[in-house]
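Chain nomenclature is as follows: A, B, C, D, E and F, assigned in order of appearance, with residue numbering initiated at 1 for each chain independently.
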């Protein structure tokens, strides 16, 4: 396990030494205005990323053989410059993957992925619609798809932006959908849950998460909605007796799940299940983004009377942590 | 019970006689282009409203002493003119309220109101927050408020637009909120449920439902958001020890429940409970509007392959009844 | 050939007899307010559609065995009621398909479809990119696809809304694209032309044009963008060596061709060819809609100083026929 | 009176010494990238705010016992770094409130507040409507309300963002309203003037202005529109015979004064007085913001041909000072 | 003076005879569905317009020699058909212009135009800026311009849509501007008043008001903003010493007076005078539209508790007549 | 010719000396936080602009007599500070205009202006409409207009933002328009080409390009649409027999060419030529902006898999260079 995380450095006394493992997200040689050359690095771990500078390039304690994508062990101290935190690094060597858990270097779910996966399969197992069950079982039996599904983040940065975030988001949604479905008799439960499981599956192609989270070129040009629809269609077409109407409905669930044309859905929800999916997907993403902000406020030492920073996923609104505010009032 | 309803007339053979009780929503004397005078009426019952004409004004079987707001018994036949249905009335007399159940004359909930009310009180009884429980108990102990809450429609025409619709909508929301709350630990369940119970309470002042559903002048100028907030504030201020922070949160729930400024909320949701309320309120209203459209399609004899008419509450979108479509396909 | 067209009736002297073949688009029995039953029909041919009424239901000259979708021969006279034209029909019999050219009953292109098709193949033949040429050749070699492509309208009502309209629109666009492409060296001509040929191909599934132009249920739920993308992807996947990058680009051309998210494209144009396609597609549709309006003005006898009616495809704007206006001024 | 103001420093020769009183708006200890610790302060006075740095922390001339919210006397020199002005402070001591006029430390109205207040009471005195006169007299007789009304800024930063700004804005509006009202006979003058006096009264609760101008938590969650409406309603309800219709109209004036839903008014103006109020309120705020920009241009030495910077309150537009531009042209 | 006006017919007992002068706005021969030919007319006078029908074409009391644009004397009775009022005409003859005051046939200002004109000249006379005074004097000395200015309506239908409406609107605005200008010292009074006088002067070319109010083709293609700017520029260019800066400012006043790009102003107000003009122009138009609606409610017999119909100029909002509502409450 | 360009410095090794001619776009004296005074300059040439600093103010090798707008020869080295490039200058002297080609100091077209001009005249020569030919010949015979037309940039920064950019953009558009016009028979070719030539002619007054590209005050207040329309109108009015209808059409072409009200066109295109002009103008501007971005990517060493930066003219979209991406894939 890592000893020190980037999030910890925020509260670090300036000048105090740290020593830890990081992923190199960017590396660039630069010169100060006094013509002093230095290395500028972006180092990341699962808690965030930070700029670091190496001033003594010739120092033998500074490795020369590392590059973007490598894991390094770096020693230094944090300093603040114009309100921006920065690391001054005095020792740095390339590390190998056995020294550190990769999960510590990229933000990743705090849940047990195997357990999440079992719960996913459990939901599928509960289906009464044999066609939908077969579709999902077939798709997730493909080890490439299953492997990527277990690893993928749910987004580049908005919500569940960590390894395993897609799966975590889907499990949360399945639980919620399973509570909402019986409340409205017009809802076809298995179709709704199928929509939940497939709605973001295109993200396994849209995003790459080797070194940070990036869009692939194909992802930029086609988008996860098209990529997911295509994967679903290909799998369905491989099943000899899949009912054509059900195919249309499954594809419509994926196509329409953003709920608005301007959010990139080419079709608006036109069946009750698609409408319900677009609502709970949006709610879950926002609730999770709020949770992250509340955690961040506590980590950064903000008081209970202070609202969060502006939340991107909520149109730059600032939120108040109800429970914490009430408790601080002695209630 | 009424023998014949306006909705039934849609499928009536033209010329066939009907005979039933209706509420007079409008009454006007007019003349044809051939100078023949006639009476033009708008008659309503719980299933809708229809234009009716009385051609033989001097006929002794046609009463002269009735007016807007009266209940009448009318006999006649339906005819269609340019795709618009119309009643030709040949007998009409004023009825008294003992002859017909008022619930048959105005659209009203199909649920048992006493039962809905018991469930509402049951939810309040389940609160662990004593202040919120006291607030709601106090407010609903006022017989004027309670009486109006049991009767009010939830909207003039968009969703739950019938007597008891407000209560029905709130019970649906409470059930849903009670399922959603435990899913997100940051949610204060009792505050969320309080928001559900109070969010539309201003409608008991915004709308009148004596003869059809109309906005009061005060309702037009102030709106149910302000009226509900004021009622909540007045009740809270009558409770000696209600925590000021909790007051702010309760009022914020009401103020922000439309979720968008352009929908008339003066504040956007800034606490997780308000965000969740705005989502489930919107979802429940839309699901109910869809249910009404699906029922209407079946009543009007549309086939399973036909989409609904354009749904106002869903931006004029047309919807497909998933289950019915699949079943028609032999699935 | 038909003797009389619906468009001709607009200028018909009222009461004068016509006698012609029409397609029955709708049929309904109704009753006047005086309880007189009559048949209400919507009759169509290639120039438009018109309401017709049969008053003498018992008349032996009025057939009883016809239905929606049938071709009939009808005799009657036109009349105008409240500015709306209507046919009064006194003779009507079912016709058989040999009596009339089906192309006369549905609006259809005025171009020779075989010639348009030859020009389409000619453009494909001119490609220097072998992969794209193979893709298009393969796709259009499928007789079902080719048959539908030759028949499909380009839209339900906005532009090129007639049989063969899709092909006519594509040929116009190919000609235009072929002139634009050499003007911008960054454009990949064959990719641009491929985009032109495929951009609306999903309409062969989205629309049905048996009796009038309607959306299929599948078309409503999935849309021609998804349907066309899926067809292209399936064909590409059947070609063993199609370059993956080229596949991404072809699919992106189809996905993005509406140019705006709010017009139903899930992706905005991100390559120069897609941008150019979205521009010329929009321009061609609008120019064609203007041409139709100008023709209509002349047919309806409007003067050169009068602007057109409000053009739907141009946001309800009214246009002026430049050349005609100038000529009327003696210039 | 202060000798030197922050606005003066903008034109200060770099390096020249200043010595003056300031309010400490923020205080933070930091370290340079060379590990040198320093104090970072935000100092303010009525003309603005500026960053200041204390480099010699151990210097006995630098006090240790001051904090955010304190008044200090500081000596130093200004410097410019990357276009940003900064103070280097070499002496600093805590001052007491008797040494400096608090009005010099926070931006505040240049008008005499007592005089503004007298004019406000004079307008109320001129009312012919006894109910409205009683309402306002009662409300402003409350010393807490009156005290806050005299001090409050009109906004956090958009317009009249200074102590006494609310009162100054209201007096300007009253004068304007009194000129506009007789121009339109449909306007109820006293109702319009009542709306002017009450429209922003909620700001006395929405904002805090102890140390800089901030939103209170309650202000963020409820907003000044709700807070002002509630205060008005409570005062009205304390008056035994206030006409209910007049109450509705007064509350509507406050609720609708932003003129658009998207600006946070839950109701659009539906009476002529509310419409007129929303217009003159908006005009006055914009004219005042323009005046501030014109003054700033002159203070910063901009020429008459130069337009202002982008004005936030005018959608980032730049404006030209008409009179100054014309005069510069010799006219 | 006319005996009977179209507005009076709204409250006419059906069948009662009227006899009056009207302007023929449209004339068309039609046939009923029973093949009975009739004349369909649109007749207008200063209070509105109404459809009229002549059933007895051969009747010698019905003139044959009249056409669109003629004045006629018509006798008949009003009837209501499907809520739409209609005139049945049994006598009709062409009238000559001496029989009726043309001002009775087109809606026109209720003010004395000569008096309005004197007030306009009075305002110009009060200018201290000699250049602006010369500009306006020169422009209004042109008898064509002055004649059209006195007659033109201010709009086709939104506000002041009557003969003399432009002048009436301008005088109202001048009075208002003269009250607002001294309130803001940054305003150049004469420039503001010049803007008021010229802002809509292009309407004398944009609209024709010979027979009803219509856009000219040139007006449709260029618009009154461009036409007014061009007229101002041409006049200025004819004045040898007009200051160039002042010319820019005057043109900017006209160009920007709609206040928003989407309302057809190619430039947003960038000087205080232009901003003020756009506000008072909008306010005056809306106040006048409200006045018209209030008058209409009284004329149509609506009660004081009823809101107006949906007002086009106020985004389809409904308004309440404050004073009338309060008075009805005994206040 | 210049030896070194600002664009070259981007890839310069830090510390390496350069020595070249630049235009001084801004000059300011400042002080570091250590009270060291220095000169801050913005230097530009045809490839861009860069901040430069002179640290040794007393050094005799640094001239004292230069100012904004002067050409200087400067020697120094580039350094990077916080990702921003900066020049450190150690020698600087005023240069005279004979030492350097002014075209090297401002970005300017890479085409031969004389040749572009000949092509412009060639297009005019090809007109069959004598009136339009005379209009353009007359206007371009004015040496002031012609001189400015040859020099003006097409925009301040969006597209063709370089000397000669307007002419280059117009020639590109003429070529394109000449290909599009024959494709649509309703288009009046000479009117379309006239629109192309005149649409942006107002930019010769709206922009100044002496030292960088700026809006003139007149340009800011009136805009190039008004300025171009006025120039066209004045020229037309000087031609005795120019047909009035043609004048309306020409002015409409200029007024409506932005295609949308919110882009500053006071009229939407209402003739086919205006619609076509707005499309090809927009397309050409965007294609050119893409070309510039693609060139920049290659210059900055981006790989073929990398998308461009966010393109302002394309709503901040990132684009992919199709041809380069395909080629990199071996295709």
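We adopt the following convention: contacts are C-beta pairs under 8 Å (C-beta built on N, C-alpha and C of every residue); 3 or more make two chains touch, one makes a residue touch a chain.
As the structure is a prediction and not an experimental result, all values here were calculated from the model.
Visitor: So which chains count as neighbours of both subunit A and subunit F?
Guide: Output, common partners of subunit A and subunit F: C, D.
Visitor: Chains touching subunit C and subunit E alike, please list them.
Guide: Touches both subunit C and subunit E: B, F.
Visitor: Can you check whether subunit A and subunit C touch via the same residue numbers (shared by over half) or via different ones?
Guide: Both copies, subunit A as well as subunit C, present the same residues to each other, with over half of the numbers appearing on both sides.
Visitor: Taking each chain's centre as its mean C-alpha position, how far apart are subunit C and subunit F in Å?
Guide: Going by mean C-alpha positions, subunit C sits 42 Å from subunit F.
Visitor: Centroid of subunit B to centroid of subunit F, CA atoms only: how many Å?
Guide: 61
Visitor: So which stretches of subunit F touch two or more other chains?
Guide: Expected reply: 217, 220-221, 249, 270-271, 307, 318, 320, 325.
Visitor: Every touching chain pair, please?
Guide: Result of the pairwise touch check is A-B, A-C, A-D, A-F, B-C, B-D, B-E, C-E, C-F, D-E, D-F, E-F.
Visitor: For the complex, which residues does subunit A have touching subunit B?
Guide: Spelled out, the residues of subunit A in touch with subunit B are 131, 172, 175-176, 179-180, 183-184, 186, 188, 191, 243-246, 249, 268, 270-273, 275-276, 279, 282-283, 286-287, 290-291, 294, 307, 314-315, 317-323, 325-326, 329, 331.
Visitor: Touching residues of subunit C toward subunit B in the complex: what are they?
Guide: These residues of subunit C touch subunit B: 30-33, 35, 37, 217, 220-221.
Visitor: Which positions of subunit D touch subunit B when the two form their complex?
Guide: 217-218, 220-223, 225-226, 229-230, 233, 248-249, 251-252, 255, 261-267, 270-271
Visitor: Report the residues of subunit C in contact with subunit E in the complex, numbered from low to high.
Guide: Result: residues 14-15, 53, 77, 79-81, 86, 88, 305, 307, 318, 320, 325 of subunit C touch subunit E.
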